[in-house]
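The following blocks contain the structures, represented as structure tokens.
Next come two complexes, and both contain subunit A; in the first it sits with subunit B, in the second with subunit C.
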Partner chain A sequence: MSGAREAVARISEDVVTREGTPAASAPAGRASAGWKVLPIVEGLVLLIALVLPWVLQDYLTVFATRVVILALFALSFDLVWGYAGIMSFGQALFFGAAGYGVALMARDLNVTSILLILPAGALIGLTASLLLGGFLLLGRYPSSVIFVSLGTLTGSYAADRLARGWYYLGGQNGIPSIPPLTLGSYEFEEGPVYYYMVLGILVVVYLLCRFLVRSQFGLALAGLRENEQRIAFFGYKAQHLKAIIFAIGGTIAGLAGSLYAFHEGFVWPNMLGVVFSTQVVLYVLFGGSGTLIGAVIGTVIIEGVSFWLSDNYRDIWPIILGVLLLLVIMFRPLGLISFVLGERERVGSFGKAPKKESGNAAP
Partner chain B sequence: MPLLEASGISKVFGKLTALDGAALTVGENEFHGLIGPNGSGKSTLMKCVAGAEVPTTGKVSFINSDITAFTPTERARAGMSLKFQITSVLPTLTLYDNILLALQAQCSLFDLVLSRTRRKLHDQVMTMLTQFRLADRAHDAAAALSHGQQQWLEIAMALAGKPRLLLLDEPTGGMSLEERRVTGELLQPIKQHCSLVIVEHDLDFIRDICDRLTVLDQGKVLASGTVAEIQANKSVQEIYLRRA
Partner chain C sequence: MASIFAAVFEIVSFGAIIVLVVLGLGIIASMMGIFNFAQGEFVLLGAYVTYLAYAHGAPVWAGMVAAPFVVGAFGFVLEALIIRRFYAAPIVAMLGTYALGLIIRESVRGLIGGFYLTVPEPIGGSIDLGSVHISAWRFTIIVITLLVMGGCYLLLARTSFGLRVRATLENPALARASGISTPLIYGATFAFGAALAGLAGALIVPVFSLFADLGIRFLIQGFVAVMVGGVGSFIGPVAGAGVIGTLSAALPWVMSPVVADVLVFVLAIAFIKFRPQGLIAGKGV
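Right, the complex of A and B next:
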């Protein structure tokens, strides 16, 4: 055995003398092409959103308002799934619970002030997601994806059934004729004003999310998504991170749900249930999970295309839409956004631009 | 008082007894090799120490406290770090971000959300990358590294939290001879502040780098002592010859 050992030692000395220091030959970090695509896409989407009410007929502006609210809802799911890797199949639970909550405030307490309704909606979403998230995510050991997805799905389904059977909540019919949202004596009616109001909220929430996912917290989320066990060994409290992001997602979903309830003027059990929960999953997968703008684009395109298809192909439009979705998910698992966005930019870089080093790395 | 003391560790998987009363003692600033034939329970003992497995019986003490029931997170916070046998760098993140992720693990949530430690940690990230000869690839995705480089990145990440004890499960697995030699070089300087437990098949590597060895066979400790003592030990020679 010792003979072999000496032979090995000799060989390794040879290698050393011939090659010198290893692994120094790699090229310096290449500046990835197209690093700036994301802001351009975001700017374009915002620009289009801003001019939309001028070019659309009134009934289409109402439709666009609904889409903007759903995009807000999609952001909430994207944070939870796309950024933290928590498969929430019950995101509508928070959306619908807030919708029902604010509808009851309007019906029973005559509260319609936007200054109370929106915080209340967000708070309902937060509370519901803290409760469900605490139960599903805060075990001593990490909970499996299956457990969380079934748990959230069950929560959403149960809430749907509960609302259908509960007379106080209007049963199958939900709560109709919610009065308009108010600010002082001003009433937000459907149309451009409501549109710009929700667009403003979407932009603010979007920017907050953007700040969050690009922070060091966002890096921790990336670690969580990629390898939860690994980051636990670094000393991260992975379950806490998950519960926090789940609660933030729930808050945003609650905000969206309360805007939706007042915009539509009624709430109904579907808002809590599987229909809306799966719809939001599709928005995000279609547009590109793990990018905030992907969630927005996915919502706009799916809603836009279904609107157009249902007008023009009255009978078979769900089939066309289904095939389209399937194609994207099969051939573009990273969503439509991956047509224009490279891997590096999609995942992001969290280290500050390296001024102190050679300066030839990413800008 | 030793840094790490595991005693009477048994681990039973169904009908298989992987460990049967094994023990491991590691002192401050000691490089300790854990060797033995395939299936002797090296990796299982390592996992019981690291918290990836819970031992069926036995006790693990680390810096004077009983950590047997600690989760991996709690162990990491107590100053223990683990490099996995299968490299688990985060492939889509850059090298820089991989290290930063490891370094910032114990920052408060508030600091993370406001990115308040990003600037402060920059120099440390670059120092680690330079130390492990990866600085010129700081902004490449980790997936683009060679296998050996990924192992180094992984060791760098495991060291980022300034652990008192680093557990290395087969650090040179799949490496070329040259990469093995460099790995040994890279590990030497950490002795000043950190103890090491290494599970490794490459006995030359172990002999070069370790101060003490523990030999496992069929889930039991066959011998434990300095490298010279182990090399002179008859029964150790026997099991290696028997299976060679």
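Right, the complex of A and C next:
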């Protein structure tokens, strides 16, 4: 196993040197001089997020809460696509399934306690993603990328159609008037408290994800993304790794979905379907896939601009979005974050730093 | 007996529509290896061109004849400007064409508003067969689909252009070395696929009327059909489209439409999982 680890570590060096052309650019140069851009960006974003409710009006805080929840959702997609290279074109399936699940719990069972709702949402996301991911990714033959992306897209589309046609789920209208989340006798209303609660969850999940992608497991994932066959030859079970990260992504999406359902107060079929699935792809591609903070920034920018433009330019905003997306894909495939983040730092270092590792070699 | 015949006609005519839509998608996917997410929007554009012609007083059939040429030319330009950059990475191609589709769809939405615009059938009325009345236009669509299918097959299997296209698919490097201009072939293939989508949109607009999400409706069904049939040949996607189209039209007759809708997708994905090469494996036309 340790042999395999070393070999994989060598791959990561390989990845860095192979894609090392941007190393000459300014940001990367700064990174090699001991400056880390990523923590600064992360700190800035967190700082802005913390002070926001103090400067925003109430209705804007409600909007900001929605953005934070969507950022959590974007994080789930980024793990799956940005790190493991699984194109999940149906991530909203887990988001929406959890949303519908907790909405039904609130409607039919009168369960609104946050201590039950959030675990239930995460569990629904986990179950759904284990089932779909297990089916699409596992098996005797490795599935092609195209098959997985079309399979997830189809799953999401089918769920959307099912929700639209099923009377029990409210059909086209979805499930309206979900009561507020509760903790004991306290009710989470929209506003600063809900905002900080959601932000706290986002920070915790973000830190967990950060730990995950910087671990040995994260290194194997990055290897999967770059060259799946090579990882398989090193003895990793590539399909299992993919299924695991897919399930983790689904869990986070489920958590986000249950928060979203209670925050908006209703769920509707679009939450399950192609609309939200592609929306999250936009967030992550725009911000920068393969960096966790990129997903958050992409969500904030797209939602923010969309909100800002919605008064005057509602009709042409989707067209602008399409053009921007096309430009990003053609000229900035690593997203906006790549303007400040060098390639070397994006790929990052994994596990312990190499020098220390030679000092205390004991595993 | 009469109602069974009517049902069979319904099923066959819907199957024909799906085949028509999938033809272009299948040719682009098989011959170029990219899944074109903008294909649904090419269908929409074809429908829009037909509507424009009709709205400006031209006969509907004139718009239908013009649609494939307009959309084909548009596809050729798009390929030269944008799609060409995406050949190396199939997923990036999916995202890029998705962005293109978004731009086209929202532009058309801006032009027509959120309305459902109707275009009359160029051949109206119905054909009476004893006690059964079938729509003349739907019957025409079936006939045209058969003609187009035959034409595409002959083009790819019997002409020198078809040979070049297949050679480029099989081994681009060798094709280039043999003096075939592969970029031109790719451009022409993409334009051809787009033109077929434009034709499909023009023909189906009297049946479904024109609205901005017309293309999306068929896109996912089309992809599933291509995968079921098998990528890499001409016959595969067509066969897949026949199966998917027939199933989605036939199942609602025996069970609740909601369940049928979802069941088709579940069955298709399960089928692809256990037979990744599709119904008709292997190269050839």
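Descriptive notes on the structure:
Heads up, the rule we're going with is that the second predicted complex is superposed on the first by the 316 of 363 C-alpha atoms of A that agree within 3 Å, B and C clash if a C-alpha of one lies under 4 Å from a C-alpha of the other, contacts with A are read in each partner's own complex, and residues count from 1 in each chain.
Convention: contacts are C-beta pairs under 8 Å (C-beta built on N, C-alpha and C of every residue); 3 or more make two chains touch, one makes a residue touch a chain.
In this text the structure is predicted, and so the values were computed from the model without any measurement.
Contact with subunit B, but none with subunit C, is seen for A:E226 once the two complexes are overlaid on the shared chain. After overlaying the two complexes on the shared chain, residue contacts for A:L207 are found with neither subunit B nor subunit C.
Using the contact criterion defined above for the overlaid structures, shared-chain residue A:L115 touches neither subunit B nor subunit C, since it reaches no partner.
By the document's definition of touching, of the two partners only subunit B reaches A:E343; subunit C does not. Using the contact criterion defined above for the overlaid structures, shared-chain residue A:F234 touches subunit B, although it does not reach subunit C. Considering which of subunit B and subunit C touches more of subunit A, the answer is B.
In the superposed model, A:L183 lies in contact with neither subunit B nor subunit C.
In the superposition on chain A, contact is made by A:I244 with subunit B only, not with subunit C.
Comparing the two interfaces of subunit A, the one with subunit B and the one with subunit C have residues 141 in common. Those residues of subunit B lying in contact with subunit A across their complex are 50, 71-73, 76-77, 81-82, 84, 88, 90-94, 96-97, 100-102, 104-107, 109, 111-115, 117-119, 122-123, 125-126, 133-141, 146, 148-149, 157, 160-161, 176-182, 203-204, 240-241, 244.
Partner subunit C is touched in their complex by these residues of subunit A: 87, 135-136, 139, 141, 143-147, 149-151, 153-155, 157-158, 161-162, 165-166, 274, 278, 281, 285, 315-316, 318-319, 321-323, 325-326, 329-330, 333.
Contact residues on subunit A toward subunit B in their complex (touch as defined above): 1, 5, 8-9, 11-12, 15-16, 19, 21-24, 26-30, 140-141, 212, 215-217, 219-220, 222-223, 226-227, 229-238, 240, 244, 343-344, 347, 349-352, 354, 356-358, 361-362. Residues of subunit C that touch subunit A in their complex: 35, 82, 85, 90-92, 94-96, 98-100, 102-103, 106-107, 109-110, 216, 220, 223-224, 227, 257-258, 261-262, 265-266, 268-269, 272-273, 276.
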